[in-house]
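Note that chain A is present in both complexes that follow, paired respectively with chain B and with chain C.
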Partner chain A sequence: MERLFTYLQYPFVRYALIVGVLIALCSSLLGVTLVLKRFSFIGDGLSHVAFGGIAIAGVLNVSNDMLVVLPVTVISAVLLLRTGQNKKIRGDAAIAMISVAALAFGYLLMNMFPTSSNLSGDVCSTLFGSTSILTLSIREVWLCIVLAAAVLAMYVLYYNRIFAVTFDESFAQACGTKADRYNLLIAVITAVIIVLAMNLVGSLLCSALIIFPALSAMRLYHSFRNVTIASAVLGVVSALAGLILAILTDLPVGSAIVAVQVLVFGICCILEKHI
Partner chain B sequence: MKRIRMILFALICTCLITMNGACRKTTVQNVSIPENNGSGVDVDLTDLSGNMVYAQVYDMVTSPEKYRRKTVKMRGLFATRTDEKTGELQYGCVIQDALACCAQGIQFIPAEEMRYPDDFPAMGDEITVTGEFDFTMDGNVINCILKGAETE
Partner chain C sequence: MTKTKKETLLDVKDVSLGYEDGAIIEHLSFTVQAGDYLCIVGENGSGKTTLMKTLLGLQEPLAGTIERSAALKDNAIGWLPQQTVVQRDFPASVREIVLSGCLNRTGRYPFYRKEEKERADRAMARLGITHLKDRCYRELSGGQQQRVLLARALCAAEQVLLLDEPVTGLDPKVSMELYEMIRQLNRSGITIIMISHDIASAVQEATHILHIGQNIFFGTKEAYTNSRMGKYFLGTEESGE
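Up next, the complex of A and B:
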């Protein structure tokens, strides 16, 4: 414990904890909707798309890779949620298709046009997050705070509409809710969270932040509101515990967070049988 | 109206992330350096866990001005390289992250005259270095150095 307090004196540890909590909070809130809409794997697909975007930015020699990564990820999110309703290519097939294609092309481009001498390091860092969360600048922390506040505000403001679109899109449309617009909103928020979450756990583990808290909460509660609140709490607690564990014991940050989430899910499964 | 609000939200998010990316490479963090604990060492990296050391060294090589003339003690892997311009053999202490895929290194100049390889550990072996932090700029590239370094 003393060691933890010593480490908390370092600003980059405090930044990591703040950003980790905020990303976990936003992704776990959104996770409930995505899991219920049968889009659990969208986080994985989009993070692979973001990986492809980083590779394209490198090839184009764009100094600010976000100029490429964010628009590409947002467009892919919109396309994925739209093609989910397509009868020819079902949602899961569309995600799998875009996900592996983006990953393959990203790695191909990185190999063909390497931007640094440590290619394996770049790939590893992007896929698993490495210690990116411990190397954030104060500007990135503020960006995350603003984005998290925006996401939370949108979620609270449109809670009822998101709820309606999540459970029965056709009925919501029949009641006058512009389901397409709310699907677009969900897609944009998902893309933004994925791009931010890549800093925390890396591209390959992004979807864990979205699905595990929601699935764990669903073991314990059965109403949308309770599941949402429990998901947020479990997401934040797991992220904090994983981060602290990684910092104290030298484990990779992303893997530690996901391991804690798996453990929490297991505990929730056991508790479910006793409730 | 609602549609406009949603589009505005999307635009704000895009702008913020883009601005952040643009600023990332020039940002200097407002990091406080741990106080000298009486041992004569301002930044002691030997007491920190691997992830912490990596993050601290990352901060030192990206924002070196805050650490100039501070006494730094670090433990890492010994490495050498030859300066392409001068042909001089340079010594370094390399820190790896938890996944061992990323590494940050700081060059050191020994306080006393030392002969390579007799007076140094083998490449990749552990070395502890204490020296005064300084840096030079080669275009946009920052070269961090520990001057007057004592090795263990």
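Up next, the complex of A and C:
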């Protein structure tokens, strides 16, 4: 306990906690919709695309990775959504194709234009999350806060429409809701969240941040609103617990958070049987 | 303005319907006027649901045009689908689903106002599902689910209500009440377009009949009962009127 308070004196620990909580909040909120729309695959595919984006950013030697990664991921999200609606190409096959291709090309690029001597270390930290969450600059923290606030505001403002489109897309469309527009919104927000979450847990693990809180919440509650709220709470609590655990024990942040989420999911499964 | 000249809401002109692999119905023309009660009948697979989806703008006709009147705003339509594929584990309470029918009334305002909540409550009361309002949709019986979706359609229907086999899965008492309710709605000025396999009650309730299949018939129900097709399907042919 005492050690925790000493650590909290350091600004970089506080930044990490703030950013971690915000990212967990956004991804767990949106996770409910993504899981229910069977979009969780998209999240997974996008995270690999973002990995490719990081490689490109490295090659181009851009000072801020986000400037490359964010647009690349958002565009891929829109494309993936389009192919998902195209009945000729199977949506899941398209996602698998794009995500594997992005991984392969990303790794190729990193090898062809190595930016540092420790290549495998770089790759590992991009895939599994690095300690970079503990080296955030104040500018990155603010960028994260702004993006998270935008995502939250969108989610709250469009909550009812997101519910309608998630529950029954054709009814919503027949009765005058522009379903396409909200699907697009969901895809773009997903891309933003993926890019944010990559900083926290790395690209292989960031879909865990999206799906686990939602799945846990669905074990316990049966209305959309309660599931959404529970998912947000579970997401934030597990992220905090994982971060603190990682800081105290010097374990990797991403794996610690995901481990806590798996644990929470297990507890929710057990609770479900007993109520 | 004379009362006899009613406003045309939908004008379907020489439309062909179907999917990529070919047309199911060709050269279909009919009109729907404000206040009509149109029943669409026909065999399984004759294309009734496809027609309704095309009317709703969920798919494009292969040929021909469908004109919607300016008065028929996008957000004045309620629809009861024949099938709603809801994932088995979808968490949604009855109230949330019925309220989502009011979405087209909120305009740009992001939340539901008091009037929409009251509208949803009235729709639930009308269908006798108020006691289920906090229950999870996927835990309800088939008939109860049908009533929830009907309540949602009622919330959305300001001018036109489209129903795809609404009495499927309802018990006889509720079916009777449903027909009565639709009649009342129609009297209060809402245009009804209903798909039904129950030709006898369709003829009883509707003002117009559209029969699709090998031969297409469109006209008032009086014309239908006197047509050869109508007599055949109503089983009145042998009785030789």
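In this text, the second predicted complex is superposed on the first by the 269 of 275 C-alpha atoms of A that agree within 3 Å, B and C clash if a C-alpha of one lies under 4 Å from a C-alpha of the other, contacts with A are read in each partner's own complex, and residues count from 1 in each chain.
Basically, a residue touches a chain if its C-beta (ideal position, glycine included) is under 8 Å from a C-beta of that chain, and two chains touch if they have at least 3 such contacts.
Keep in mind that what you see is a predicted model, and the values were worked out from it rather than measured.
Asks: Putting chain B and chain C onto chain A via the overlay, clash or fit?
Replies: Chain B/chain C on chain A - fit side by side.
Asks: May I ask you to decide whether A:Q9 touches chain B, chain C, both, or neither, giving the answer as first, second, both or neither?
Replies: In the superposition, A:Q9 contacts chain B only.
Asks: Return, as a multiple of 10 degrees, the angle whose vertex is the Cα centre of chain A and whose sides reach the Cα centres of chain B and chain C.
Replies: 170
Asks: State whether chain B or chain C is in contact with more residues of chain A in the superposed arrangement.
Replies: Comparing touch counts on chain A for chain B and chain C gives B.
Asks: Quick check for you: in the superposed arrangement, does A:R225 touch first (chain B), second (chain C), both or neither?
Replies: After superposition on chain A, A:R225 lies in contact with chain C alone.
Asks: Go through the superposed model and pick first if A:S170 touches only chain B, second if only chain C, both, or neither.
Replies: In the superposition, A:S170 contacts chain C only.
Asks: So, A:P71: does it touch chain B (first), chain C (second), both, or neither?
Replies: First partner only.
Asks: Which of the two partners, first being chain B and second being chain C, lies in contact with A:V192: first, second, both, or neither?
Replies: The first partner, chain B, only.
Asks: Report the closest approach of chain B and chain C over their C-alpha atoms in the superposed model, as a whole number of Å.
Replies: After superposing on chain A, chain B and chain C come no closer than 8 Å at C-alpha.
Asks: Inside the complex, what are the residues of chain A that reach chain B?
Replies: 7, 9-13, 63-67, 70-71, 74, 118, 120-121, 124-125, 128, 130-131, 134-135, 137-140, 143, 146-147, 150, 154, 178, 181, 184-185, 188, 192, 195-196, 246-253
Asks: Residues of chain A touching chain C in their complex?
Replies: Against chain C, the touching part of chain A is residues 36, 38, 156-161, 163-164, 167-168, 170-177, 218, 221-227.
Asks: Which stretch or stretches of chain C touch chain A in the complex?
Replies: Residue positions touching the partner: 53, 56-58, 73-79, 81, 84, 86-87, 89-93, 96-97, 99-101, 103-104, 106, 110-112, 134, 136, 139, 152, 156.
Asks: Report the residues of chain B in contact with chain A in the complex, numbered from low to high.
Replies: 2-3, 6, 9-10, 12-14, 16-25, 27, 29-32, 34, 48-52, 54-56, 58-59, 62, 97-99, 101-103
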